[in-house]
Amino acid sequence: MSERSQLRDAVCDANRALVAHGLVTLTWGNVSGITPSRDIVAIKPSGVPYERLRPHDIVLVDLEGRIVEGDLRPSTDTPTHLALYRAWPEVGGVTHTHSPYATMFAQARTPIPCLGTTHADHFAGDVPVTRQLTPEEVDAGYEAQTGLLILECFRHRDRSRVPAVLLPGHAPFVWGVTAAKSLENAVALEAIAHLAHGTLALGPHVPIEPHILHKHQSRKHGAGAYYGQAT
Amino acid sequence: MSERSQLRDAVCDANRALVAHGLVTLTWGNVSGITPSRDIVAIKPSGVPYERLRPHDIVLVDLEGRIVEGDLRPSTDTPTHLALYRAWPEVGGVTHTHSPYATMFAQARTPIPCLGTTHADHFAGDVPVTRQLTPEEVDAGYEAQTGLLILECFRHRDRSRVPAVLLPGHAPFVWGVTAAKSLENAVALEAIAHLAHGTLALGPHVPIEPHILHKHQSRKHGAGAYYGQAT
Amino acid sequence: MSERSQLRDAVCDANRALVAHGLVTLTWGNVSGITPSRDIVAIKPSGVPYERLRPHDIVLVDLEGRIVEGDLRPSTDTPTHLALYRAWPEVGGVTHTHSPYATMFAQARTPIPCLGTTHADHFAGDVPVTRQLTPEEVDAGYEAQTGLLILECFRHRDRSRVPAVLLPGHAPFVWGVTAAKSLENAVALEAIAHLAHGTLALGPHVPIEPHILHKHQSRKHGAGAYYGQAT
Amino acid sequence: MSERSQLRDAVCDANRALVAHGLVTLTWGNVSGITPSRDIVAIKPSGVPYERLRPHDIVLVDLEGRIVEGDLRPSTDTPTHLALYRAWPEVGGVTHTHSPYATMFAQARTPIPCLGTTHADHFAGDVPVTRQLTPEEVDAGYEAQTGLLILECFRHRDRSRVPAVLLPGHAPFVWGVTAAKSLENAVALEAIAHLAHGTLALGPHVPIEPHILHKHQSRKHGAGAYYGQAT
């Protein structure tokens, strides 16, 4: 199967899985992926229900957002996805949802605090909130500027160890080495947002101890990782 | 297929979809639609379970509430629906539910504040709460007076940009250009009520900035909209 | 079909429906019903999973709790059910669950306040909490004394208009004219407990106005009721 | 069927049931069981999705953690499970999840208070939180030390009457006489954590009275138990 055809299948599957994981209402979410040669991005078409989505509906665009293949309009959020692919060469997939608990933190404009090992297994510290776009930035191209805002927020952060961000008053963007991995991170983000939300309701929060955070990151990621199966 | 038959099918589908979207418990909700010629309203029969509902069960009434076709009693809320159709010529569908989070705001008698872009995509500002009916109004015809109350509340509001309202101590009414669209707005209302409820639990709320609200409204609705597929 | 056989089927169906309505975890709930001649009560066997439950598993007991038909032990809560049947001649079915939100109010020892029309449609006022049993009462027969406690609580309340009660630190008991109707009331109770719980999180509560409560009760119950279909 | 083969089936079933009971997200949970002769422990392989899990995937290890049968790596939490089996001869199954409400209490570092009979039916008092591991303990072998921490916490507690514990900033471990029974206790733990969480939101909590706690424990467990069917 061709590189493009494989990508279209993977991106279609990941978009449909948004529903199975309870991350989307109506058509509020989209997943994209990029080819290994990093010249073509596959993304969900705008406003199409997930249950009707087929691989040939997935839109292929180049890194400037020009349609390369596909009869439908790509997601309105495409310029945000592209900004991440252009700047971050190791990112192979991006997921955007309005999943409830992550979105509550985005609306409260509060980072998701790292309160436990579930969080530490997936995100090495708080999930940050960007600043808000100015009116001028919105006029200059809302979706592309949103992408730049995320890059700005991660200029001094480790995007591989915290592969998610909250847009204030909006919702999360999440990434990974593949479309499927970005989806998995979006599932983890929603779960740890739910845990943090319910933990904060029980009293003042206690951040996870650094030695526990480090242990959970290192047993799952990096050189000495021993979680999962050898590949 | 005749205009009436098409409407009956569409209204039956929308009522059954209330269950799939998790908006109803027992028989607490109803959807109606009106013919393009605006002389016949199709509505759910009162107290009939959704899973048993078939198109021929849908009751057809005229704008005064007289049964035109159907063996069953129409929903007790029919006079509320009719008041909206008589006054608002562009409204083609009305949905009433007791969906949990929207109803919590109705019971708290608190408008649903516009805290994010999810809300702004569907409702251009807070979803208002009407005043309560007086005992005299209840005696004068509870359900019809409820309709008038909604009209009163929207006398100085834009019903196209905020297509939903909360009745204090009761629940929401939602509308749209078709029965299906009113249902979609009811799904969006419940989701944004859930988001707002969980956001308020995290701290003092920050309303969405006007320039972001305007951007989300305009990219999805109106002349320059670019969300979804060209039609 | 014989009276007993019909009752066994109806009670089996109602017990299995506890799962479909999300009212039970593990085997924490039971529904019973009584024959029209009021000599035989059919009830769930103790500790049997709902998905394995068949009509012939339902245990038939007399009003003193002696097994009339059935190979299994009846629910440990049987004496509580029997106390209600003996004292309340119009009650034909009883449902006991530990459904989450109703149980939260029971554990908080707080009546479920009547905050809206959803509540008023099913319960004409707050759902009360009984006092706690004394150690002496527990020693005298925990389950039978629990029944007497419910009767005591309703000595000056209208059990037909508020067909549910909370046991402090325990969970609800709900009743109705049939097993199916007691189940429906248990579904309604859990839904209005959820609504009240989420409403109280939004601010100081406002009880529903008496004229609205009365209107909702009277349009659904009693002589002038016009909700549902004529029978 | 051989003892090992039976155990593998039972442990596979219990792991798959984690999904059905809503206790796990992604691969965040594992169940193990031990043979009656207490020489072989069967446990989930690390990082394998539940829906793909088959009995032959279950890993068999000895009490020192050496693989006896199986092509896959055992769960990274295996040393924690083994510590419990080595010290507690009557424990036949262990379940570890990050189920939401139990994990919220673990993250809040708050014992789950015994607020009602649902809790008392399964756990005879508060579910405790252990102390946190020191950096030295983490370095000495995180998962094995976690097991010792649980043993330390139960040195002066009754592990048969409170078969669950919370690890601070982490999640619960639960046990029982078989793998299936430890799973059932994990289901009960999540349910009572949900009830406690929602009860605490309603006001200051009232612990269940000792005479009610004792009654619920004794009618379900021990010599005079009369809940369930005779065996």
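Here are a few things to note about the model shown:
We call the chains A, B, C and D, going by the order they appear; numbering starts again at 1 in every chain.
Quick note on the criterion: contacts are C-beta pairs under 8 Å (C-beta built on N, C-alpha and C of every residue); 3 or more make two chains touch, one makes a residue touch a chain.
Keep in mind the model is a prediction, meaning the values are calculated, not measured.
Taking the definition of touch as given, a chain qualifies here only if it contacts subunit B and subunit C alike; none does. Under the touch definition stated at the top, subunit A and subunit D share no contacting partner at all. Under half of the residue numbers at the interface between copies subunit A and subunit B are found on both sides, making the touching surfaces mostly different. Averaging C-alpha coordinates per chain places the centre of subunit A 46 Å away from that of subunit C.
Subunit C and subunit D have Cα centroids separated by 33 Å. The residues of subunit C that reach two or more other chains are 201, listed in rising order. The touch graph of these protein chains is a ring, one cycle where each chain has exactly two neighbours. Screening every pair of chains for touch gives A-B, A-D, B-C, C-D.
Residue ranges on subunit D touching subunit A, taken from their complex, read 25-26, 28, 45-48, 72-73, 76, 98, 100-101, 103-110, 132-133, 135, 138, 142, 168-171, 197, 200-201. Taken together, the subunit C residues at the contact with subunit B in this complex read 115-118, 121, 184, 187-188, 191, 194-196, 198-199, 201-203, 205-206, 208-209, 211-212, 215, 219, 226-230.
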